[in-house]
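Below are the structure tokens for one structure; questions will follow.
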Amino acid sequence: MTEANNIHKDVPCTFCGCLCDDLIIEVEGDRIVKNTNGCPISKERFVGHMENRCLEPTVKGNTVTLEKAVERAVEIIMSSKRLLIYGLSSTENDAQREAYRLAELTGSVVDNTTSVCHGPTILGAQESGEATTALAEVRHRSDLVIYWGANPAAAHPRHIPHYIRQPGEYIKDPKVDRKIWLVDVRATTTSRMVDKFIKIEPGTDLEVLQTLRALIRGNKLDVSEVGGISIPDLEEIATTMKTAKYGALFFGLGLTQSWGRHRNIDAAIRLIQDLNAHTKWGLMPMRGHYNVSGANKTCTWVTGYPYAVDFARGYPRFQPGEYTAVDMLARGEADALLNIAADPVAHFPRGAVSHLMSIPVINIDPKFNMTSQVADVNIPAAIAGIECDGAATRMDGLPLYLRKVIEPPPGVIPDREILKMIIDAVAKEMK
Amino acid sequence: MTEHIVLKNGTIFDPMNGIDGEVMDICISNGKIVESAPAGAKVIDLKGQAVMAGGVDPHSHIIGSKLNVARLTSPESNRHHPYPATKKTRSGVAGIIPSSYATGYLYSAMGYTTVVEPALPATKALGSWEEIEDIPGLDIGMLPLFCNSMISFKYIEEGDISGLAAYIAWTLKKVGGLGVKVVNPGGTYAWAYGKNVCGLDDEVPEWDVTPRTIMTGLSEAVQKLGLPHQMHFHPTNLGKPGNVYTTMQQLDALKATKPSGKKKETVHLTHMAFDCLGVVEEGMANWKDVASGGLTFADYYNKKKHFTADLGQITFGPSMTMTGDGPFQYSLYMMSGGKAKWSNIPVDVELPGGAGIVPFTFEPKSAANAVQWVGSIEFALSIKDLWRVFLSTDHPNGGPFLKYPLMMSWLMSKKQRDIWLEKVHKFASERSTIANIDREYSLNDIAITTRAAPAKILGLEKTKGHLGVGADADIAVYGFIPEKTDLASNPDLILKYFTQTQLTFKGGVQVSKKGIVGKQLQSRVISVHPELNEDLDRRINSELEEMMSKWFSHSFSNYPVPKRYREHIEMPTVIDATSIQA
Amino acid sequence: MTVKLLVTSGRTLTQGRAMEKGKLTSDYENAVAVCELDATAMESLGIENGETITVKTEIGEVVVKAKLNKNLHPGMAFIPCGPYFNFLLDSYTQLTGMPGFKSLPATIDAAPGAKILTIEELIQLMKEGT
């Protein structure tokens, strides 16, 4: 916690699903001046927290008071028939809970960035369950770690150096006693950090996973290669996996976003379950945003479902494809968008973005981003984990308390407070 | 807000105060039951309706990451059970694993006011506190797990019960826990190696501990601390035919622990339906030869009085098995031929092998399920002292808490039992003595086993589980007049009247009427803070900092649940454990 | 010469840092208006590292900067996740909610001297298209 003066220790980072909580943040006056231990992206996030900030609420580009911006937001919400509330993965749990409250009150849809990230992982788990592992468990016990369709060097920079290539209670020399492999369609920076890179043809993950399952079960195949990998090589991979003492499979968007979508994950889950008949294996999705795992958790305990939830009937209903943001926008179903802590204009396909640009958009975010350029209403928010506290969930399910290390810019309040204002005003309107 | 209420002419069942069906008035003032209410109090004439204290449920999985993983991976269990919002209450889903708000409302509708989450990995406690914000209307406790923790093993290996007690005390304070949970001691740790344990003296990989030393070490530490609730115990060999014998062995092993307080019992055996499966005479320990272990265990229970128990009753239909017994959950998955949706959730250091989740359906026509169903009923009807037992389904393992009234009906009505014995596989009758049992639980018996006894077992009997002066005004008014209602002959009425109370009060506030929740009350957390002496406190802080920094993958200073999530709802009981030597 | 490739997208360290700095910065533009190509593709196109190219799919086309990635395998290209890639991507999710971010068939042509749209211009273009 807070040490002498302006040095904060053990601060959880709020960039990616690693949620590293060993950051040392130094504050001088109204600036963060140093981030020790954070990766380069983390450093940018903390030290650059004041760059490109939205500092004032705007309506149609004109600065207004917060009250006026909320008023306009409420107008948009009240006159909409099919409001979509989206984002949430880059803010803390309390803000997410307010979003569900608003969605319920207005009979809207609430979706979070899971739908374009590890949504298929959840769908796969809904088919088959999920036999997971945990970060310290891997460090202590794992002698074989496989990254599949993930590029931690780019997206989770400290995953390997801070969590995986570290000695543990039962693995004393992680360079010798722990093998790290990467399976991907292309050689990335990560491939230079691991012990073995296995190239797989694009769109063949499902076949390769199922082939490994078949080989582990002792079946013989009548082809010579699958996914660009020869059968003897696959046999060797299968044997190594089967004889590992504790294996961990970390998988990323290479599996969830490729051909096969949730079927890929389903196969990976079943592979891990099969391996448990021989030895100990677990898998873990490499959650991207620092609190997308939290968004799934909060949504699940409040509504019963992890994302893509519709309240039009006065109770939660769940359906990917129907209530997922990209689909709702691409089909032109949403007639208003409340976007919180995300940037769909930058990250959604063109068709969805086109429609988004034709409907009224309320955007709540600390920084100017692409969505703020097209939003009717922009309301600046404090950065969770830097300028306001809260809780978030790490990729392996560990909840962590986020710190407030510095005051937000004047007049800028946390997402949860903004949402509360909107909810109170909407509730008043609805009376 | 009505602060003073007089409930007139209720037919009161308050076993803790010796009241069995007397027509009396109950006076409520400022959230408590008082001798008399001030003038101007609101008067409600109950016209003879049955009244009990609010239900106390010490074993129900209502929070935590395994529950959320279950909801997340099994949306089909909730899809057909919408729970619409009202002007005063939130929406949700109300299948076998209801969402948080719905959980609170449904318990209130049923007349329950105190619920304990029986298995918390302490390192994830922050998430549980957040969930509690969204479960209304209850007083909630949590039992952190200690029996597969590497830290516990270090102390037990060294025979350092003081260190172990200090670790427990530290954890209970830092995360707001209520007691100590033990689940398959050593077994879930072995699951990190793909193994399990089954004998009391089996080796646990890498550590010089055994199930015996873990169990006895923890029960001793609990007594040393003087915790109000005895060690809560899910034994080794869960769900295995013939395990009634190993369960009794394990309970025997705990007999040596000396109780430190007034209570004689030093261990609470949970969900005995899963722990006490018998075998036919001359039979083998397999499903073919499985028989009810209920009578065997009842005989043991009647003789050995150092433990308490709860049923873990199977209620048939879809359920969700979720326990900290990783290898058991895996075995269920294997039993399904690898078809079931099996989830496994390890927790660093405290539950290395991992908790497990497997959706499961109990079929009346399944021989195994029918025998397991009848076992706990036979037990409950064969025991003498009802003050050492409480009713449960190990929600949602044996069935959802929504089916508690069904469970009650089997105990209260022979007619109901006969109806069901027709429906279920014949082994239920053939392999138990149930057909010969005429006993029926009275309302007094129900009040004991769903209110008074569980309150005592938790050590909360001062304010919970009774309707005497000084109790919290947690009250359930049922919509029937006992004198005029023959529940045993009309078991459907048991389901009707116990599923939804006429009125439920929590802390003197009316939260529900005829099953409709009209007021959303913030839940509170019941916890225990054992105070250690300075030396031991210093020692444990430094030792835990060393171990946790070495073993966890997050910072030691981020382990405790921050005040900001606790101070407005926590009701800690401070215990003086300063006599424990450093 | 036109080159047919499978384009995949994902994060990069540069894109991540630029994103945290701000989406409307030139840092961000430079980080995401980029297409990594292998040596054979660059040769077929007859271009040097850093030259502009047009990437075209069924949905549309966009000008970005070519970047040589010696570790990339022939037949594949990589554009960091962001608005330039998404400008080319269809919204079909197969009802899973997830568009096809990982394999987009595209054709690539050298586009010497072509202008890379700024983020603002890209937004404007998308607005006009509605």
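Per-chain numbering from 1; labels A, B and C assigned in written order.
Note that in this section contacts are C-beta pairs under 8 Å (C-beta built on N, C-alpha and C of every residue); 3 or more make two chains touch, one makes a residue touch a chain.
Not measured: the values here are computed from a predicted model.
Colleague: Using CA atom means as chain centres, which chain is nearest the centre of all the protein shown?
Modeller: A
Colleague: From the centre of chain B, which other chain's Cα mean sits the farthest off?
Modeller: C
Colleague: Please compute the C-alpha centroid of chain B, do the same for chain C, then give the distance between them in whole Å.
Modeller: Measuring from centre to centre gives 56 Å for this pair.
Colleague: Report, in whole Å, the distance between the mean C-alpha point of chain A and the mean C-alpha point of chain C.
Modeller: 23
Colleague: What's the distance between the Cα centroids of chain A and chain B, rounded to whole Å?
Modeller: Computed from C-alpha means, the inter-chain centre distance equals 34 Å.
Colleague: Which residues of chain C are in contact with two or more other chains?
Modeller: none
Colleague: For chain A, which residues are in contact with chain C within the complex?
Modeller: For chain A paired with chain C, touching residues are 15, 40-41, 44-45, 48, 51-52, 111, 115-116, 119-120, 123, 151, 153-155, 157, 185-189, 191, 199, 202-203, 253-254, 256-259, 261-262, 288, 308, 320-322, 324-327, 329-330, 343, 345-355, 357-358, 367-370, 373-374.
Colleague: For a test of understanding, state which residues of chain C touch chain A in their complex under the given definition.
Modeller: Per the touch definition, chain C meets chain A at residues 6, 8, 10-13, 15-17, 20-25, 59-60, 71-73, 76, 78, 81-83, 86-91, 93-103, 119-120, 123, 126-127, 129-130.
Colleague: How about chain B: which of its residues touch chain A in the complex?
Modeller: Against chain A, the touching part of chain B is residues 63, 65, 67-69, 71-75, 78-79, 82-85, 90-93, 98-102, 123-124, 126-127, 130-131, 134, 150, 191-194, 206, 330, 333-334, 338, 340-349, 352, 354, 357-358, 550-558, 561-562, 564-565.
Colleague: Residue numbers of chain A touching chain B in their complex, please.
Modeller: 1, 9-10, 12, 21-22, 93, 97, 101, 104, 122, 125-137, 139-141, 163, 169-170, 245-246, 273-274, 276-277, 279-280, 282, 296-298, 300-306, 311, 313-318, 389, 391, 393-394, 397-401
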